[in-house]
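Before anything else, here is the set of structures, which you'll find just below.
Presented sequentially are two complexes of chain A, the first with chain B as partner and the second with chain C.
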Partner chain A sequence: MEQLVQNLLLGLLLGGVYALVASGLTLIFGVMRVINIAHGAFLILAGFVSYTAWTWLGIDPLLGILLTTPLIFAFGWLVYRLVVAPIRTAPMASTVLLTFGLALVLEAVMGFVWGNNSTSIRPSYVDESFTIGELFLPKSQVYGGLLAIVVLGGLYVLLTRTWIGRAIRAAASNPTGAELVGIRISAVAALVFAIGIATAGAGGAIAAVLYPFVPGSHYLWIARVLAIVVLGGMGSMGGAVLGAVMFGVAETMTSAYVSPAWATAVPYAIMFAVLLARPQGLLGSRLREDVVAT
Partner chain B sequence: MAPLPHPGGRVRASVTLIAAVAALSLAASACGIGGGGDEAGEQDAGPITIGASLPLTGEFSQPGQAAKEGYEVWQEMVNAEGGLLGRQVELIIKDDASNQNTIVADYNALISQDNVDLLLGTFSSLLNLPASAVAERNQMLYVEPAGGSPEMFNRGFEYLFFTQQAPVDRQGQVFAEWLISLPEDQRPKTAAYPTLDDPFAIPTSEGIEEILVDAGIETVYRETYAIDTKNFDTIVNRLKAEQPDLVVNGAIFEDGIGLIRAMRKAGFAPGWLYQSTAPSLGDQYAEGIGPENTEGVMFAISHAPEAETPGNEEFVAKYDEMLGGLPPEDAADAFASGQVLQAAVEGVGSIEDQAALADWLRENEVETILGPLSWDETGATEGDFLVGQWQDGQVEYVLPEEAATTDHIVMGWKPGDAN
Partner chain C sequence: MSEVGGEQPDTVRRVADRPVWLGRIAIAVASAYILAYPLLSDDAYYQNMYVLSLVFAIAASGLNIITGLAGYVSLGQGAFVGLGGYTVGVLATRFDSISPWWWVPVAAVVTGVVALVLGFVSLRTRGPSFVIITVAFLFLVQVIAINWTSLTNGTAGLSLPPPTWSVDIINWPFYYILCAILALQQLLMWWIQRTKLGMGLVAIREDETKAATIGINLPVEKILAFTASTVFVGAAGAVYGYYLTFIDPRGMFSILLSVQIVLSLLVGGKGTLWGPVIGAFLIEWLNEVANNNLGGGNTRLLIFGGLLVGLVLFLPNGILPQLERFLVRRRTKGKAGLVGARVEPGGDFPVAHDRPAGPPTPADTPLLEVRGVERRFGGICALDGASLTVPDGSITGLIGPNGSGKTTLFNVVDDTLRAQAGEIWLAGERIDRLPSWQRAHRGLGRTFQITRLFREMTVLQNVVAPQRSFSWSQLARIAVSGPEARRAEELLDFVGMGDFRNQRAADLSYGQQKLLELAQVLMLEPRLILLDEPAGGINPVLIERMADMIRELNSHGTSFLIVEHNMPFVLGLCDPVHVLARGRCISSGTAKEVQADSSVVDAYLGEDFSLESESSRGA
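Right, the complex of A and B next:
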């Protein structure tokens, strides 16, 4: 029983970080219908920025989110204006190709700037855990999970309690209607892309403390995060959080009770099973065009 | 060829044409059309070109970068001494991004498009398995600095030669035999084997397990984990529950770092810790797990900078001059591959006949910075690895005794503030 609780807690903590990263991807898709394959690359970029801030300035990588996230937000906005905006309304295949290319360019640039050797960030608490009886909760995971909740909470408030959030939701649910009431879709899209990238940035700063990384690590992240978003329902924020937690728990439970060899595969099998029953994902909504397609 | 465009069909025709050209070039490279082997000696005047594809990015970038350094130091030293058969050596190194598909395309391209005269191998068994098959099909000598998995040598290849001391299933042999030679009260009673699902890592840990089980050391855990495993907490949670005296981790690099970090977070420290590859990567390893956690970690290693093997002092000095610091093991392994290739070419006196180069290697022993190497029919070597141990933040060579840099062995793993 104790082992079960321990593994469940570890899974939930892992899911929290996944949720943060997936939220940005699903937000960008929800508003812009752009599948941002470069999402993982932005995450790793934030990891390297955190690493530099930590080694040069001694800034704790988790506190450093206050510095790295605005930087990554600004970079995301710039990338949107320069690269993504011209093809925002192009067919989805074009945006997938473009963002995949962007991921490759970012990987090469990171390799050039920071090198292709494995990078680790080790703040003082990295090897420490909170203990409750026989249970242990790694401090870095707890801090990371809490930060993920704070950032996700902030995102929720932004989307539901502010004018900007209403504009974003309006643009997502009915772009033409939103434009008719005076919302500039292009400006909203730029903002959404930058916010989405910023959440990847926050996730990247946390992930960099948890795991060593190289520029090429973004492939592992994008594969996992895309699966989470599809599982939760493309464009659904709640679905992304739910999918992420399911993914995290499935991964740890499989590792503990089946075999570590299956740990990264079983969550995908669950995703297939869910999609067979609900093609739109857990909390995704079925669109008119989906119905026509079937 | 593609049909002529008809009105309104120009774009489609262009796409068809491009697809046709792409398909043809893919097919050509897959079949090895225009293979460089036969044409190798036709450009006598120019440099000898030697091709390799290394994992310069991706999961295996750590050893890949080091191997590139080793090849480049070898090239520099060979050229400074007048080259190979009086011709300068030119390296063509591609990046396979740690990908098994890319590496096949890379070696095909090296042979059929770059028309290289000779090949050198890549890093990790995972990548050498398909790369060596391309070389074999094109009947080109394939001297590899890594790729010691038993699978490499049971395919009946004639052009494959491994240049570390022994295949990986015997990599931990010296360590395991030393461990079971300890007095009963110091010897571990139980062992756990968390291992990366990889053709290098699995036989390494299985080779050790076989010796330890025969000596009565009970296996309490053996599991493999996938290469994209980031989260080691649950594996360590199981290990903690089993409380083994010894953990043998068949690792490459990041996974080895991840496992130790998870052990530290869980407050679990086995009495003994052995890892493959990762601890041999010097400062990168210490930075990854924290220097305070390195004390007593044991591993097999092929090269010692202090070794008095022929040419080693010059290699270490040249490496320091070109790149700074001490050479990592993987750079030394790559350098040794260069030495073996050089010995074969100079022994035969020509690069025309790749089969003759292979025959020469099968019949001769080559002195390298890793010690003398000789090969059986399969291209596998038959020597012993060194055993390294982290002591006071440095790597020491503790076994075998004749190659040891210290007579002191730290008895077990003593991480930072472990209980």
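Right, the complex of A and C next:
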């Protein structure tokens, strides 16, 4: 029983990290209709930045998200201005391929800079655990998961309680209308892209403490996060969080009770099963089109 | 005018034929060179490169069906190469008395079945889920190949029995069987492009919602296309696996295989017959150069990624379409476009002789009945229990102030939007649970307020595109041919657009597009046509003509429901007229009765508006 509770808690904490990363992806999709295949590559990039900050400057990787996240945010903004902006309104097929190419370029550059060997960040607390009764919770997972939930909460407040958040939500629900009431869509789009990338940055700094990584790890991450977003329903923030928690719990449980080797496969199987019954995902609505708006 | 008309066809044909023939000759020469290469040279480096190029050509040409024609990008195409390879690997290591060649067709079947299932999961909705699921699929099969060791031997991989023939011609069987598979793949693509299925796929790529309203069965066509895009790829993967004689999960399910396939398609040109093949040879050559001369690894990755970004930004159409566009521009330089020409007055309505009788509407049953339909957008209630009927054989009008829910009502009736409550009956049959295309097959046609045509198709293709009913054999029929093409020409003549049949729809003026959309809908032989502002944005002569055509069609038994703001047009044409306000039908009757209804005046002008004072001010 303690075993089950422990795994459930760990799954929820992992789900928090996934939710943070997936929320950025679904935000970018919801506002811009861009599927950012490079999301995982930005995540790994944040891991490497965090690694460098830790080894060179001795900055704790989890506290370091105060440094890495703004850096990745700025980088995301720059990338948007340079390559994504010119085709913002192009069909989705174009943006998928563009961001896919971007992911490959980032992977190659990370390979040149940091090498293709496995990298891990091991601060002092990485081998310690909290012990509550019979429960053993590794400190890095507890810190990482809680931190992710805090950042996610901050994102929620930003989107629902601020002027910028209102502008973003207006742009998502009706770009033309938003433009008419004085919201500059191109500026909002750049901001959204950068915020989305920043969630990958924060998530990457946390994930770097939890798992060793190589530049090619981004495939695993993007496949997972995309699956989460589809499972929850494209563009639905609540769906992304729900899907992320399901993935986190499913992976932890499979790893504990079946075999760690299958841990990455089972969530995909769940996703396929859900989509068979509900093609639009858990909380997704069928895409609707307004005839006049086109 | 007549001079130009007499001269033009001849010159146009002479110039236009030349590039086509040049292209054909180039393809023939290139094919002959590829076919003869193993006979002429035993250079192992190039033979290997061509074998890999052939595998990628088959994979890219396959991908072209779902991505080039239907517009759905797949990043998991490499997984089907791997699936083919693993089929031959698993079977050949278990049955060593049987030649591995026998497993090649088996691999094609296995791949096709897997694609069918995957298509069922991912293609019943539209939009972005598909590409994501293909990525997830690629990772799922790789994880399975790594972990299901009893079947696949895990990361250690599988070694196939080595070839049994002479070392001198060691590559020949692989080489020529791949050539044969590529020929079959090209034949399949060439054939699909010409069929109803192919036209339906292009319609889906251009405008999926519209495609559904003209009777195209979206999930069936997309799933068929996806399956067709993988079958020969599985066979090629099997040959590839046997050629390597060793397969492992990292090699067979590497995402870089998919990258190379996608690049091949993009470089050559999506939707073209030979583009992917040319692209495959170019990219495989680049791949070899990057691996052997530039150090491979991260450099190759950088080149591929950079190329992908560069192509999307600077050459989104690929080499072949760009070349064609360039030639067309040179050919048509200095010539006036045809779209400036006058629309012909048009002919009489050509009554179709093979018109399907359809079940007769039971007496006293209206053709269309909408009962208490509701549709909300967030907090806004666009339709709030709207009910109305369209009597069989009538021209019914639907008017109402802006925002009263007229277009939403149309959308709900033809399933462009799903109603949240209420019932819709067509000729005594309840249709509100049916998808768009099934409603179209039951005799419902619809035009859009802002015309929606398949912009990249010609005018004639646009009219031929609708599918009046669904049958498997129909999908295999050649699209522009036989009675259907003749019928389409007749309808174009009827609306006066016969001269424009070979123009691209995107080049037409707005009024011409309205006429074309009407001809397109008539192809469905509809019993009821929903017209959304047929007189909006077109000139007075054309409005007159539109009214005449509606009357003529009506005299042949077609009923209409018309949304229109042009009141003289509505009042002269329609009986009965329904008035919609705030999502409800507030008044119905003849044009006169409705005009006299004080609630209608309120709805349009507000309750405090006094008709007398306004008219006296005007006088």
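Worth pointing out:
One rule holds for everything that comes next: the second predicted complex is superposed on the first by the 284 of 294 C-alpha atoms of A that agree within 3 Å, B and C clash if a C-alpha of one lies under 4 Å from a C-alpha of the other, contacts with A are read in each partner's own complex, and residues count from 1 in each chain.
By definition in this document, contacts are C-beta pairs under 8 Å (C-beta built on N, C-alpha and C of every residue); 3 or more make two chains touch, one makes a residue touch a chain.
Keep in mind it's a predicted model, so treat the numbers as computed, not measured.
With chain A as the common reference, chain B cannot sit beside chain C without a clash. Set against each other, chain B and chain C differ in how many residues of chain A they touch, and the higher count belongs to C. Within the superposed three-chain model, A:Glu107 lies in touch with chain B and with chain C [touch as defined at top]. Contacts of A:Thr264 after superposition on the shared chain: both chain B and chain C are touched.
Contact with neither chain B nor chain C is seen for A:Leu78 once the two complexes are overlaid on the shared chain.
Within the superposed three-chain model, A:Asn116 lies in touch with chain B and with chain C [touch as defined at top]. Of the two partner chains placed by superposition, only chain C is touched by A:Val230; chain B is not.
After overlaying the two complexes on the shared chain, residue contacts for A:Val5 are found with neither chain B nor chain C. Using the contact criterion defined above for the overlaid structures, shared-chain residue A:Val150 touches neither chain B nor chain C, since it reaches no partner. In the superposed pair of complexes, A:Leu158 makes contact with neither chain B nor chain C. Of the two partner chains, chain C is the only one that A:Met92 touches; chain B does not reach it. In the three-chain superposition, chain B clashes with chain C only at 41-49, the remaining stretches of 41-49, 455-463 or 527-535 being clear. Across the two superposed structures, the residue set of chain A contacted by chain B and also by chain C is 107, 111, 116, 219-220, 223, 259, 261-262, 264-265.
By the touch rule above, chain A contacts chain B in their complex via residues 3, 6-7, 10, 14, 107, 111, 115-118, 120, 122, 126-129, 131, 136, 138-141, 210-212, 214-216, 219-220, 223, 251-252, 255-256, 259-265.
Remark: chain B residues 56-59, 61-62, 64-65, 97-98, 194, 197, 223-226, 228-231, 233-235, 237-238, 241, 253-254, 257-258, 261, 264-267, 284, 287-288, 290, 293, 416 touch chain A in the complex.
Touching chain C in their complex are the following residues of chain A: 29, 33, 35, 37, 83, 86-87, 90-94, 96-98, 100-109, 111-112, 116, 219-220, 222-223, 226-227, 229-230, 234, 259, 261-262, 264-265, 268-269, 271-272, 275-276, 279-281, 286-289, 291-292, 294. Residue ranges of chain C in contact with chain A, taken from their complex: 67, 71-73, 75, 120-122, 124-129, 131-133, 135-136, 138-140, 143-144, 146-147, 209, 255, 259, 262, 266, 297-299, 301-302, 304-313, 316, 407, 411, 416-418, 448-450, 452.
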